[in-house]
Every structure is written in C-alpha cells, then in structure tokens.
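First chain A sits with chain B, and in the next complex the same chain sits with chain C.
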Partner chain A sequence: MIALRHSLMEPTNLEHSGKGKHVQRNAVSKRKWKKGVKGWLAALPFVLPGLILVGLFVLYPMLFTIRISLSNYRIVQGQIDFVGLKNYINILTDASGRFWYAYRNNFLYALVTVPLILFGGMVFAYLINNLKRGRTMFKVGFYLPVITSWVIVSLVFTYMFNNSDRGLINYILVDKLHILNDYVPWLLREWSGNAAIWLMGAWKNIGWAMLIFLAALQSIPRDLYEAADLDGAGIWGKFRHITIACLKPTAYYVLVNMIIGSFNVFIQVMLLTEGNPNGRTSVLQYLLYDKAFGQFQFGEASAIGLISAVTIVILTTLLNRMLKLDTVEKGGADA
Partner chain B sequence: MKRNLRGKKAGDTIAQVVIWTILAVSLIIFSVPFLFMITNSFEQFSFVLPYPPKLIPTQLDFSAYKYVLSQPFFPTAVKNSVINTSITVVLSVFISTLSAYGFARIEFPGRETLFKIYLFTLMVPSFLNIIPQFIILKGIHIPGTDMNLIGTRAGLILVYVATNVCGHTFFLRNFFRGLPDALSESVIVDGGGHGAIFFKVMLPLSKPAIGTMSIFALQGFWEEYFTAKVLVGANESMMTLPLLLQRLHGQYATRWEWVFAASILALIPVVTLFILFQKKMVIGGLTQGSVKE
Partner chain C sequence: MTFKKWTALLIAMMMVVGTLAACSSAPAEATAAAEPEATQEVVASEPEATAEPFTLVFWHTYGDGEEEQFKNVVLPMWNELHPEITIEAVRQDGGQYHEMIVTSFGTGQSPDVARIDIVNTAAYASQGGLVALSDYEDFAALKDTFLEGPLSTNLYQGGYYGLPLDTNCKAAVINTAIMKDLGIEGAPATMEEFIAAAETRGTYSLNVSGVGDWDLYPYFWLFGGSLTDEGFTKASGYLDGADSVAAIQTMLDLHAKKVFTIRDVDGSVDAWDGINSEYAMFFEGPWFFGSYEERLSQGIIAATIPTYNGRSASVVGGENIAVFATSKHTDAAYEFAKFMTSEAVQLAMLEKGQLPVLKSLVNNETVLNNPVWSVYMAQLESASARIPSPNNEQIKQVWSDAMTEIFVNGADVQTTLTAAAQQMDGLLG
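Then we have the complex of A and B:
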C-alpha cells in the first residue's frame, strides 16, 4: 500500500519541476526499461528452457486446438479449412446424444467420487495419525492403489466384474451371499457399468487424499491442542475448532485436484466398458480419443476437448471465488 | 490422581484397539483387488476362466512369471520404461527447478502474468493438447533422415517433460519462497550471482522437496499410458510396460495369469521406491500456497 501511494505521488512531484518534467519522465521510464531488461537477462538462463518447452508443447497446442476445433482438418493431406462452429454444432446436436451422456457422466463421476475421496481420505488420515503403532503399514497399504497404474487396476476390475459366475463380484453376490438371483453383466449395463467406474475411481484415489491429509495433520502445531486443553476444550471441540479448521486449505486442494481429475477420466472407461452400451458409460476424454484416433474427426475431437477445458476453468474459478469470499470475510472480521 | 491416570491409560489402549480394528478391516477390504491379482498370478488358466474365482492363493506356481519373463517383448518394455522414466524425471525436475528459482527469486517484468499463465495451464486437461502435440512432433524432422519424431523416444520424452514443467515449477516456487533470504544474501556479499545462489544454497536446501517431487513424477511417468499410446503406440520397439499390459490383455483374453504376473512385475519397482522413501517425503509443501494464488 505504501509503495502504491509512493508511485502515485511521483508524477505530482515531477510536475512541480516544470520544464524538466518531460526529460525526467523520460529518464524514469528509461531507467525502468533498463531495469526490466536487466531482470530479464538475469532470469532468462533459469526460465528460458522451461518457457520454450511450455510454449511449444503446451501453449501453442492450446491455441492450435482452438483453430482445429473451428476447422475441417485432414491430417494426411495437411489441409485445414475453416468451418466456423460446425464441429460444435455437430457434437451438441448429434442424434445419439453421445456428447451429453459423456458430459453427464463426468459430472456424475465428480459428484459421486469426490465426496467419497475427501471423506474417506480424511477419516483414514485422522485414524492413522492417532495410531501409536503400525502407522507405516496402513499408510503404505492405503496408498498402494495410488501407485498402481490405471491400466493394471482397470484390468483387475474387468475380471472382478466379469458377467458370468467366473467374476468375483457375481460369485460373491449370487453364489455365496444369495443377494441376487441372476448373474449381472455389470460392465454391459448403463448404471452398473458407471458404478464400477466410480467405485474404482474412489478406491484408487482415497489413498492419495489420505497421504495429503496426513501430512497436513502432522503439521498442526501441538501448542494449539495444549492451549485448548488449558481452556478446557473437549475432544469434539478440539476436533472441530483446531483439526477441521487447519485442514480446510488442504481439503480445498484435494477438492480442486479431484474435480479436475474427474474430467481426466479415460483409461478406466476404455478398459472397463468402452462407453457401452451406446456411449451411456462414456466420458469426454474417451469420446475425444475415439473421435480423434478412431474416426479421425480431429475437429470434433478438439471441440470436445475445449468444452471440457472451459468447464474445468469455470468450475475451478467458481470454487476459488467461493473460498476467497470466505477468507475475505474472516479477514474483515478480524480487523 | 493415580487412579485417574491409570483409567486414562486403559482408555487409551481401548481407543488404540478400536482404531486399529477399524483400519485393519478397511485395509483388508481395500486389498481385495490386489489379493485377487496376486492369487490369480499363481494359477494356470486355459481357455475357460476357473470356477469358483479364487481370492486366497492355494498354490505357488510361478509358471506365469516364467512365461512373461521369457517373452522377447518384456525386456524391451522394461528397458523402455526405465529409460523413458529416468530421463524424463531428471530433465523435468532440473528444468523445473531452474524455472522455479527464476520465478521465486528474480524480478523481471511480466513475471506474475507469466506465472499466472503457467497456473492456468494446470487447469486445462492434459489430453486436450495431444492432437497438436502429435502434429508438432510429426513436423520435426530428424536431420539426415526422412523420419520425424513420432514413434521415437525423443519425441515422447519432450512431450512428457514439457507437460510437467508448469506443475513442478509451481510446487518448487512455493518451496523456494519459503526459504530464508539471509543465506542467499551471504552469497551475494561474497560476490556470487544467481548461479551461485542456485547451486550453493537453493539446491542443497531443497533436496527433500525435489526428492519428493521426483518420486511423485516417477510414479506418474512409469504408469503413463495415454500419451505413450498416441505418440509411440505404433512402434513396437518403443513399447512401454503399460502398453504391454494392455496388449497382453487384448491378445489373450483368458490368460489372466500372464496379465497379472506382468502387472505385479511392473508394480514392484514403484512400490519398493515408495516404501523406502515414504518417511523422507515432504508432502506438506505440496499444498502450501495453493489457495492464496
């Protein structure tokens, strides 16, 4: 704030000097410019390698994707013809409604798995943190699904959800527990297929949230609890006012990461259901993959990618704003 | 007073037992897919899947492992995965560490804007860029040949490194900002510049953070499937472990023991690494500053 006022005052000082005003202003901007060049020269050796790579393989592709999404792009001929919003219209109005099912499924995936991951991760972290013995065993155990590749876990789940009595799930539910009368072709139906995808997503990511929450729990200063003890706070009071309060930023981090992750779902769909029946279990990334590398419709594929990117940016911005409002209010109350 | 203490101790023990039981039961349920995988890797499948499905191993038959290890494509996949992952991790961590230092400690015009752009790219799904990346690699010709970078290790690694610079820079910048200024000032007093500060102060101090990031990065690249499938999927000599697993599954629909044995072999290195280093990892830094941006 002080710096800001200072810089605001500078021009008025210059005006007093009358004649020399123009010269001095020039000198100031020249000095500023020189300082800027100096800063860039110092920073370049550090920033440049990353900048080149990001520019070439991340930023330029993003702009290029926008162009492809507005074009009829034939990769073999290298031809790219502008077609306006045709690709977008094609996707959104496709008679099979594949895009809308995929879009819906991404949201459902987030809606179902994110709360499970947040809650599960927090509970396991809290329990492990209060453990005196065996912490490492549980930490590694719950983290194991996170390290295991999506390809591997998808293959295991495909077998477990096999549609005959050879699959573990059918065997347990029908032959052992007699909860169901008939074997269910889990991965061939809309809702059971989606449920299998959700279950796997939650199972695989809970350990990640657990690890992050555990680190956050361990960084809460002990004095806070001791001070609360002196004030006569109970276990519940301490949990609510210290533990939960300190975990808030971490929870937000996990939340945002998992929501972004929900729009990156791909391998599990490809290996578990291939979007069957009729794209009812599909997601945007699988649709994009199929459009681009199955049907060579790069324009439509890019349009799908952009729609999902815009969705994520809007979602994260909204979340950010909601959280910022929260902190601003608190800051105001304190002052 | 004494009785009170003893009562508290007994209460503690009961609490510990309860917590332990809850965690143990949860972990057993959590482990079902792994148990299933391990058990079936010791089986001998034929053209039909066995009934009933087994969850607990009844035999230790290693023939599936022997089969997988004897296949010519397995060493190729292991070799590729090891080379790709290690080169990628080293390059991406080194380049990101440099960038992070630039953004954390050197003032230059447009720094905040540029950093915001980096942050923005983190929100955009990575697969969005795969088509242009493919086209760019196709356009880069290897000098002296009529080949381009599609289907090559160099192309894959370039894309891997580039797509991870932003995230890693973000993580390390926060860490560098948290380090005290006094140390770098002492280097400046001795007449050292940014290079000296970077190599003599920042790198040694941020070893735990860089190590943690490297392990996470390594896990990610080791299991990466999508980019590899698109960029080198057509070239068999560039096959990686995730691509191999998927292909094993596709070719032999009922030979699950081979798929699972190969999966377990692919898992061993990353799991070992995590167990070895989990106590040294600094995960707290990962979330710091992520909210305030």
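Then we have the complex of A and C:
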C-alpha cells in the first residue's frame, strides 16, 4: 500500500521538479508545433501559388535590384561586379546635382499638387453632391481628365506652353493682354517648367479625388444633418462638424495615395520637359529611366530606385503615425 | 488530409510547376546572351559550314518609302545572292528604338543585325552587345571604301563595331527673298558677309532650335571651336581652349546683336516655320527638303554652310549597320551588313533619300544631279562626327548643361567651359 502510494506520488514529485516542468513544456510545444504544421499544411495549397508569384515577381526583382545597386552591371553579359556603395556615392555627389534636383522636385510636386487635389476634389465633390440636376454631367466632366491618355494631355499642355507665339499662354500674355513683352519658353525654364508639370498632375488627378469624396459624401447618413438642423446648425456648421468630420478617413486615404503617387511622377516630365533645363525639372523616376536607358548606368538607376522606395516607406510610416490612421479608421467607422 | 485538401495541393503544385516552367525558358536564352564573346569566337572561326537555310532577323526604323524600297528592291537582290538565308526585316518604332535595343540586351532577344543610330554604336559596343567587325580579315580593305566621317562613328577602343549604312549632315537652308533684302543674292559664300549684312536688320536672321550637341556643334566648329584632341581622349585644353572660348563668344555676340537666336532660349519661332517669313538661314538635315520643288517655289534653297575664316563645318548624322553579339549567325549577319553597304544597295536606297556612305558614290551622277543630295554630299566633306564614346549621353548632357549656363544664365564662358572640359575628361577616359 505504501509502495503503491509511493509510486502514485512519484509523478506529483516530478511535477514539482525542474525536469518535470521541462518535459511538460516539451510536450506542450510539440503539440503546438504539430498543430502549427497541420495548420500550415492545410493553408499551404492556398497560399503557395501566391507566395511563389510574390517571390518571383516582387521579392526576387527587389533583391536583384539591391544587388545591382551595389554593382557594376553589364547587361549583355549579365556580368555583375560588386562595387560597394560607389553607385550611391556617384549619384549623391554628382557635380550637376541632378539627383538632388530630382529629389527636391518630387517633394515639391507633393507639396503643391496634393493640397490642390485634396481640397479641389473635396470642394467639387461637395458642390456636385448638392446639385439638384446635372450631377452625372459634372461627374463625367471632372472624371474625363483621369481617363484621358497622359500622352494626349501632354500634347495639349505642350501646345499651351509652347515657347513662341504658337503657344496659347504666350499668345494670351504677349499678343492679347500685353502683360509680357517677349515670348517665354515656359517648358525650358526651371520654375515655369515645374509649374506646368504640377498643373498637369493636379488637373489630371482632381477628378479621381472628387469621385472618391463623392462616394464618401453619399455614405454620410442624412439623419446627422437632420439632427443638426433641429439643433439650429447653419450651413458652415454642418459642413465643418458633419461633412468634414465624416470625410476625414477618406481625406487621409486620398492624402496617402497622392503623396505616394508623387514619387511615381514620370510621364508628364518625360513628355513635357525631359528634365530640362539641366535636370532642374527632373524627378527621380525620370532620372532612373535616363540613367538606365540613356546611359547604361544600371547600378546608379537601381540605387535611385531604392532610394525612392525607401523614401516612400519612410513617408508612409510617418504619415501612418502622424495621422494615426488606425484611430481615424475606427473613428470613421463610428461616424 | 481530406480529398479537398489533396485536390487543392495538386492544383497548387501544377501552378508552381507551370510558373517555373514558364520562367525557366528565359534563363536558357539568357545563358546564350551571357556568353557572347565565346559565341562570337566560335562563329567567327568557323564560318557557316552547312548550307541549311536559316533566318536572320534585321531590325530597322525605315520610313514607309524606304521600307518599300528595301522590301521590293533590296531584298530580292539579297535573295538572289543568298537564297539559303532569309531576312526577317522588322520595322521598329523610331521613338523608342534605343529602349527596345537596351531591353533586348537584357532579355537576350536581340536581332542578328540592325540599323542603329550612329551615336549609340559605341555605347552598345561597350556593353558587349556588338561584334567587332574590324576583326574580320577583309575589313581592312573594306574600311577604305567608306567616307571618313560616317566610318568614324563606329569606332570604339580601336575597333570598328559597325559599318556606316546611310549618312546625313546639316547644311544651310536659305530663304532667298530675305537674303535678297539683306543684299545677298542666293546663298552667302561666307559667314562674315552674312553677319555684316544681318547686323543692320535689327531682327533675328539665323535660328537654331536648342543648345544640344546636334544643334550647336556646327556653329561651335564653324566659329573655330574644338571639343577634344583627334583621338577623342581629352577635352581639357580643347573645349576650354582660347579658340573654343572665342567661338562661344562669337555666338554670344551674334545673339546680343540680334543676328542669331536660339529658340529654346529666346522663345523665338521654330526654324521650320520661321524660315518661310522671318529667318534668312538655319542649318538642317536633308529631310527638310521633303519636296524640293515645293521649297524652291517658296524661294527656299539648300546650300553648303557659309565658311567662316575660310572653312565650313557641319555635324554628321545617319545610321550604322551592326551585328549583334548574341546572333548565332554572326558571319552571315556580317555578310548582310556588307551587302547593305554595297554600291548597288546604296544607290537603290539613295532613290528614297538615304545618302550613300561610299567614297565611290560622292561624284555619282545621281547624286550630283540632285540639287539637295549634291549639297549634302559636298557638305559632308567638312562635317565632323560627334565624339564616338559609350558615354555619349553623358557627354551630350555636359555640353547642353554648359550651354544652358552660358546662354540662359549668363555664366562666364571660360569658367563654364573649363568645368565642362574637366567633366568630359572623366567621361572620355
């Protein structure tokens, strides 16, 4: 009896000892691991194709780009010679300062066009939403630039900003209004060239923002306005405390998208100014293109690509933190 | 595992295998591209031994007229000579042609032979994309048949990586009515004469589009400037030499006196438009005279660029024909390149305005009897090629940056050219 009792007591003693704890923990973790593997095996058929595709078309090119950015790459032979940070140093210390102008111009593009698109889109959406008739006509009108080809729009802008009396702006300012004495080569000057690029970007994207805001406006419950009416709120009060408040999550969505989009500006620069004069209207994507295709500097082009990618990641993270997007989304959902 | 899970796994595996199979073909082709030198050596040492028919892919950017002539006249000539070699002529978009070639280098899908812009030849060669044609035994003799200017555009590190195919340069386009107002009958013989007459006019008489190399080199060279030494190895002492500074200063003076305008700087009317009513002269390629009779009826004629200090100058344009290193038939491609530069083909293409590159055709009757071609062929004698360098794009950028600084921002000529020369030195090495 004593022996039996003793043997029954043994496990209890073991439980209290370190070895016992270890065995138990092992058993638990083994069970967890088995469960995990089982879960993975069940999920694998569904995620594997996606993982492989992401690996092939996203991760591999990304890693390859990092490798090229640290190498001298001869495209025909596929010869990749490691050169360390030389490509980065070259672009950052280039005597013409082309990289820094391009980098600056990306930020300037964001600073100028994003507020224009954001507020323009919001105001036009508000006005269209309050129209009794002709909503569709205005919606189509504002959205047309979005679906119009960049090339066609660029041709129109090139004509408008043409450098002689053949350009609309010169014709109006010099020949009609006599504000200027001489024709100005708008697209070949640093600030007027940049202004044309900004204007085109804003004009082309404002319709997209308008449509997003319009959708958001239409989702604001009517009873909020009715309640405000009962409380005696005026038009401005309703706009400020209901409309603006409810549009916040949408505004942040448009803001983040537009800022990221500002670092992908390319077509308008290529078609309007080609970065002239002396790279003063260039942007990172155009510089990358010029380095790769014009100069066969694939290493430097990759370095530019990575710098812009890192910039976008930093900006997105900062925006997420500064705007507290998670909170906003919850707030939006509540609203 | 249940039946559903097994099915899902099977489908996933099939997708993976499919994806990998689709991707695996590219590296196989890329391997061929990765060892062009080895291929080149083998093919070069062992000419096509078999008479089995094969196809050569030829990329070009001919226009409608030239393409028609190539297909209907030139290709039958080739087929008669080499019935076993089919030429698959692919017309590419001229606007993105360079990008197409660069992409083809990366994907290993380059053509066997292609008509390429002269300014890109050295750059393609530096990437290992082209076969050094000067390695062929008969090249030494062949080389002497070409005009010096167009031939030099194929030079890279002592080797020739293409053959000149067609050429052009800039010559003077003259509005005879305005010249008459200036007191000059027809084309001015010297720039000194033209400048003296145009100075009193008070409005621009001479126009150039921009500050790029193709635009300003003819003026720079005409007024005595030089870019580099003869071997294209050094810019310091040449681009920033006293003669070059004086050449730019002459252009600045003419600009200040309202004789000479740069469209992109002044916002003046484009030359093609302004030559009809405002400008007395500008320099342009032969394509301006699409219909010479029509131009002549407007009082616009072609003439060689007036001399300055007793000599004329111009810039060489045109295309080369090059054999790509990834070709499996480099010997046959070289044969086709030679065929395209033969007298018969050059004369056939001349009918569509492609100026010949052979010394033997400079005084050909067809050339001499044509009022435009004869002018351009004569101008070629004083035309120089742009620097044949793999860094051509960067050199071009250094030049236009310097000219923008001088003509737009009023920078000091000597200081700017010295800085530009130093930058060019780094790119020429």
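Assume the second predicted complex is superposed on the first by the 273 of 335 C-alpha atoms of A that agree within 3 Å, B and C clash if a C-alpha of one lies under 4 Å from a C-alpha of the other, contacts with A are read in each partner's own complex, and residues count from 1 in each chain.
The rule is short, and it goes like this: contacts are C-beta pairs under 8 Å (C-beta built on N, C-alpha and C of every residue); 3 or more make two chains touch, one makes a residue touch a chain.
It should be emphasised that the depicted structure is a prediction, and the values quoted were computed from it without experimental measurement.
*Asks:* With the two complexes superposed on chain A, say which partner A:295 touches: chain B (first), chain C (second), both, or neither.
*Replies:* It touches chain C, and chain B stays clear.
*Asks:* Looking only at contacts as defined up top, I'd like to know whether chain B or chain C touches more of chain A.
*Replies:* Partner touching more chain A residues in the overlay: B.
*Asks:* Please work out whether A:181 is in contact with chain B alone, chain C alone, both, or neither, and reply first, second, both or neither.
*Replies:* neither
*Asks:* Is A:59 touching the first partner chain B, the second partner chain C, both, or neither of them?
*Replies:* first
*Asks:* Is A:215 touching the first partner chain B, the second partner chain C, both, or neither of them?
*Replies:* A:215: touches chain B, not chain C.
*Asks:* State whether A:42 touches chain B only (first), chain C only (second), both chains, or neither.
*Replies:* The answer is both, since A:42 touches chain B and chain C.
*Asks:* Identify the partner contact of A:168: answer first if only chain B is touched, second if only chain C is, both if each is, neither if none is.
*Replies:* After superposing on A, A:168 lies in contact with chain B but is clear of chain C.
*Asks:* Using the touch definition from the top, say if A:306 reaches chain B (first), chain C (second), both or neither.
*Replies:* Only chain B; A:306 stays clear of chain C.
*Asks:* Both chain B and chain C contact which residues of chain A?
*Replies:* The answer is residues 42, 45-46, 49, 53, 56, 75, 164-166, 292-293 of chain A.
*Asks:* Give the list of chain B residues in touch with chain A in this complex.
*Replies:* That would be residues 15-16, 19-20, 22-23, 26-27, 30-34, 36-37, 40, 48-53, 55, 95-96, 98-99, 101-103, 106-109, 111, 114, 117-118, 120-121, 123-133, 135-136, 158-159, 161-163, 165-166, 169, 193-195, 198, 219, 222-223, 225-226, 230, 241-242, 245-246, 249, 256, 259-260, 263, 266-267, 270-271, 274-275, 278-279, 282-284, 286-287, 290-291 of chain B.
*Asks:* Where on chain A does chain B make contact in their complex?
*Replies:* Within the complex, chain A touches chain B at residues 36, 39-40, 42-43, 45-47, 49-51, 53-54, 56-62, 64-65, 68, 75, 124, 127-128, 130-134, 136, 138-153, 155-160, 162, 164-168, 171, 175, 203, 211-212, 214-216, 218-219, 249-250, 252-253, 256, 260, 263-264, 266-267, 271, 285, 288-289, 292-293, 298, 301-302, 305-306, 308-309, 312-313, 316, 323, 327.
*Asks:* Mind listing the chain C positions that touch chain A in their complex?
*Replies:* 1, 5, 8-9, 11-12, 15-16, 19, 23, 30, 33-37, 98-99, 102, 105-106, 123, 126-129, 263-270, 273, 325-326, 390-391, 393-394, 397, 400-401, 404-405, 408, 419, 423
*Asks:* In the complex of these two chains, what residues of chain A are touching chain C?
*Replies:* By the definition above, chain A touches chain C via 41-42, 44-46, 48-49, 52-53, 56, 74-79, 95-96, 163-166, 170, 182-185, 188, 276-279, 290, 292-296.
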